[in-house]
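Below is one structure, written out as structure tokens, with a few remarks after it.
Here the chain labels run A, B, C and D in written order, and each chain numbers its own residues starting at 1.
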Amino acid sequence: MEKFTLLIETTDAKGLVYNVSKVLFEHGLNIDKNSEYVDSEENKFFMRTVISGEFNEAKLLKDIKGLLPQNHIIKLKPQTCKDIVLLVTKESHVLGDILIRYVSGELNANIKAVVSNHDHLRTLVEKFDIPYHFVDTKDLAREEHEQKLINQIDVYNPEIIVLAKYMRILTSKFVGYYEGKVLNIHHSFLPAFIGANPYKQAHSRGVKIIGATAHYVTNDLDEGPIIFQDITRVDHTYSWQDMRNAGRNVEKVVLSNALQLLLDDKVLTYSNKTVIL
Amino acid sequence: MEKFTLLIETTDAKGLVYNVSKVLFEHGLNIDKNSEYVDSEENKFFMRTVISGEFNEAKLLKDIKGLLPQNHIIKLKPQTCKDIVLLVTKESHVLGDILIRYVSGELNANIKAVVSNHDHLRTLVEKFDIPYHFVDTKDLAREEHEQKLINQIDVYNPEIIVLAKYMRILTSKFVGYYEGKVLNIHHSFLPAFIGANPYKQAHSRGVKIIGATAHYVTNDLDEGPIIFQDITRVDHTYSWQDMRNAGRNVEKVVLSNALQLLLDDKVLTYSNKTVIL
Amino acid sequence: MEKFTLLIETTDAKGLVYNVSKVLFEHGLNIDKNSEYVDSEENKFFMRTVISGEFNEAKLLKDIKGLLPQNHIIKLKPQTCKDIVLLVTKESHVLGDILIRYVSGELNANIKAVVSNHDHLRTLVEKFDIPYHFVDTKDLAREEHEQKLINQIDVYNPEIIVLAKYMRILTSKFVGYYEGKVLNIHHSFLPAFIGANPYKQAHSRGVKIIGATAHYVTNDLDEGPIIFQDITRVDHTYSWQDMRNAGRNVEKVVLSNALQLLLDDKVLTYSNKTVIL
Amino acid sequence: MEKFTLLIETTDAKGLVYNVSKVLFEHGLNIDKNSEYVDSEENKFFMRTVISGEFNEAKLLKDIKGLLPQNHIIKLKPQTCKDIVLLVTKESHVLGDILIRYVSGELNANIKAVVSNHDHLRTLVEKFDIPYHFVDTKDLAREEHEQKLINQIDVYNPEIIVLAKYMRILTSKFVGYYEGKVLNIHHSFLPAFIGANPYKQAHSRGVKIIGATAHYVTNDLDEGPIIFQDITRVDHTYSWQDMRNAGRNVEKVVLSNALQLLLDDKVLTYSNKTVIL
């Protein structure tokens, strides 16, 4: 029997769990998994429910909506493989990790295509029989290039766009167009470093830890809701190149974890934060 | 307004969330936090709900029980400081950590007493104005000694008994008497070592990781439901004493985390496993 | 200028650092990196020195040997890519991770071939233009099959043989033949589980942590010197398959780290333990 | 037999290990442990050697200095308990952890006194029979207050001054006076937050990790050489107070680790970085 994930975000109100589960009950559905979270300070209610059974989708959604406070977001998603598109530049470590998970059947996603501003990773991608699209930036204004990216991506109508080390800044127009769909991986440090070659800065600061942060992309670059973070230890024997390599390994792990959470429909967002249910 | 934690464990059935939340709703209660877990293989349902509001406890429990399948466990606990008793032998690292958390107000518990089979830690404990009871094993059979322990512990009627490195094996009679109330901390390794001086064994095996496991004590020693585990890294420069010291630091952290989960009524058990909600 | 790694293991004696560095000095060599370790209990001395410069290898080794106590092991290895052969069965997670590191230039090794007791992973391996040899076990006694494995492996004369989830037990004859060359990855747990489907056992025990151990293979299966270990957290919501997947991710990371240490000639062994310098 | 730690920092030069170990050899000393590190980019050489035996200290230092390049720092320290003074304000978590380690004999240091700008922690400290000095800031200019701190600290002539959550900014005069002696613990985050109540900021940013950094204090506040760092995981269910509590636990662990490294004379500094040998 097919399973569905029901995601609800709304203003908190008395009896929400009761009301929603009542509707599910009346539609004859099984609740396989249920998680809620209430942010009392912000007065927000979040719910993720995995349901199974036969049902009329339009009717179910209508009945639930009828019981929710006015400001709500409701999503009902089948637990099937999602279509995704990867954006890359020249680095292969994150891309390669995703490809191997894909080919081994670990990743419950269809990689529809890899799109890049360089032709560098074509050979690797085509080994896996995945279309590779090189969208050259040559002679193009940023907006023109992005429009070509969008045209290429939209062919595949992906549910998630993964910036697997796509190293070109995206305009707020692009980000806005794909709002809530773009996942990025970002190196990060204690303390933080801004600007060119953060690994050289981290090395010169003598950090003992290097991290990575996976987040949704919003207009505020590198500042969207954080989905997953992790770190690795380094020491004084690390050159800045060693630190970069250590950082790449963390990036790989962090992006994979974050992508898995998105594929499982476990991430809700509000106030530039995520709730992982 | 006082808050309560409602814990339910039962055979899974359709509409449980709906039915329970309906009763809470009808009693005019707020659901501040709600978590459920269903083990589909074992067909078990677990629920932890934090509620607030005025209510008639007997009536509420009766109403909920009326809706649950026959085999159920239901608990309703006020979110107040729990009374606890610590059992120790000679090592102070775990005890000391708990005492410092206690004195700094971090621990939402009342340490009613420390009971020991040695007089070794009296000075430390009395610094904190906590009664220290030395129950000598001299000339006593194991059962006689345990009966004296029980007599001493029962004076305080504790909700949780923490074995904070109590190094004497407890009989199944003792364990059975305090069923579901005794928390223990156990060193553990990858791979595991059994018998005398596990740190010497770990050292001689050249392990790179040392761990600790906090668990409920059941008749099967060191084999009760696991509540929390953590590890720390070691290397070839560690003597077995260094490994023991590293292990002690992990034990401290692991027991503190596990105790916090118990104090927050977040731990349910079944089939020798824990569900942390 | 080419660099070399000098590895020395010997009985400890006064002036060893002095004597060895004197010889290196007299040969006009630069010491780029130097680490020693003395196990005082076992009276053993270990040294790893990275040197650069022009020198007569035979003369250098002779001069050093002349100054060392009788029982010593001395190795001088150029810092070049090592030839390695991978043995696999059906699981692709560890293999895939190594292949991607290889193709991205991260791995300072030449993967000469992949050898397997199944034909399952041929397609994946051949994507990377690496020879894949399926050595069928059909109608062969264990020793006959191993001899065919050896014949195939020896074609490539590898410096390291990586058991990248090779799931068939190897005889002490095979292990002895490749002594000190075989790296294995082993799932491991707190507590440890022996026998069929350890993940089902771990799940039924309710562990909160899953680990992996990379070690040299010796005659005592899964008991050779430990090179690297790591863990990942799991909880009650993990099915045993989820635990297996989590375990696979750790295995991947742990084997990669251990292999890197071997490729960098950083691992010395004694008394079934490793010294990582 | 007493042991000593020899620490050398100097411009790199050929034969340094040889020359130093030659001198130690000629003085009849045993090398119990030896670690070096060369920063090839900065052309710096670092060495930490644990020696035992009878020797003439002045003669030994003279002989070693004679062989080192001009710009060098050389220290020879007996492996004895160091005298330390703790500075605190109102929070007890870091202080308490150090006190418990001290009383259990884990800490190879003499806590000579605790000095504070508040009287808040007197009761706790005096439980352990350690002098507590409250240096009131009332009616005092910053420099006047610091001079009183200095007067109080200097009574004990400590080798290390631990800022165990001392929450008042220290002037460069104070820091300069105790150069290379002051250890601090600082919360830290991915990304970093500056200004008032960083935990509120971290909470509002929705971080999934909270860290802590132990570092030497230099004139550039919170910017001295990093000694140790660690992190802990948090999630959306954490209030900012929960995040602060989680952060406190990390601070405790991180400061303890850093202090241990200082007590073992394992930390050398250069270019605002540490080398841990």
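Just so it is clear, a residue touches a chain if its C-beta (ideal position, glycine included) is under 8 Å from a C-beta of that chain, and two chains touch if they have at least 3 such contacts.
Here the structure is a predicted model, which means the values were calculated and not measured.
Chemist: Counting shared numbers against all numbers at the contact of subunit A and subunit D, is it over half, same, or under half, different?
Modeler: same
Chemist: Which chain maximises the distance between its CA centroid and that of subunit B?
Modeler: Between subunit B and the rest, the longest centre separation is with C.
Chemist: I'd like the Å distance between the centres of subunit A and subunit D, where a centre is the mean of that chain's Cα atoms.
Modeler: Averaging C-alpha atoms per chain gives centres 40 Å apart.
Chemist: Quick one: subunit B and subunit D, Cα centre-to-centre, how many Å?
Modeler: One centre to the other, that is 36 Å.
Chemist: For subunit C, jot down the residues that touch at least 2 other chains.
Modeler: 37
Chemist: For the complex, give me every residue of subunit D touching subunit A.
Modeler: Listed in rising order, the residues are 37, 39, 41, 188-192, 204-209, 211, 213, 225-231, 235-237, 239, 271-276.
Chemist: Help me check something: in the complex, which residues belonging to subunit A touch subunit B?
Modeler: By the definition above, subunit A touches subunit B via 14-15, 17-18, 21-22, 24-25, 30-38, 40.
Chemist: Touching residues of subunit C toward subunit A in the complex: what are they?
Modeler: Residues of subunit C touching subunit A: 92-93, 96-97, 99-101, 103-104, 106, 124, 127-128, 245, 248-249, 253, 256.
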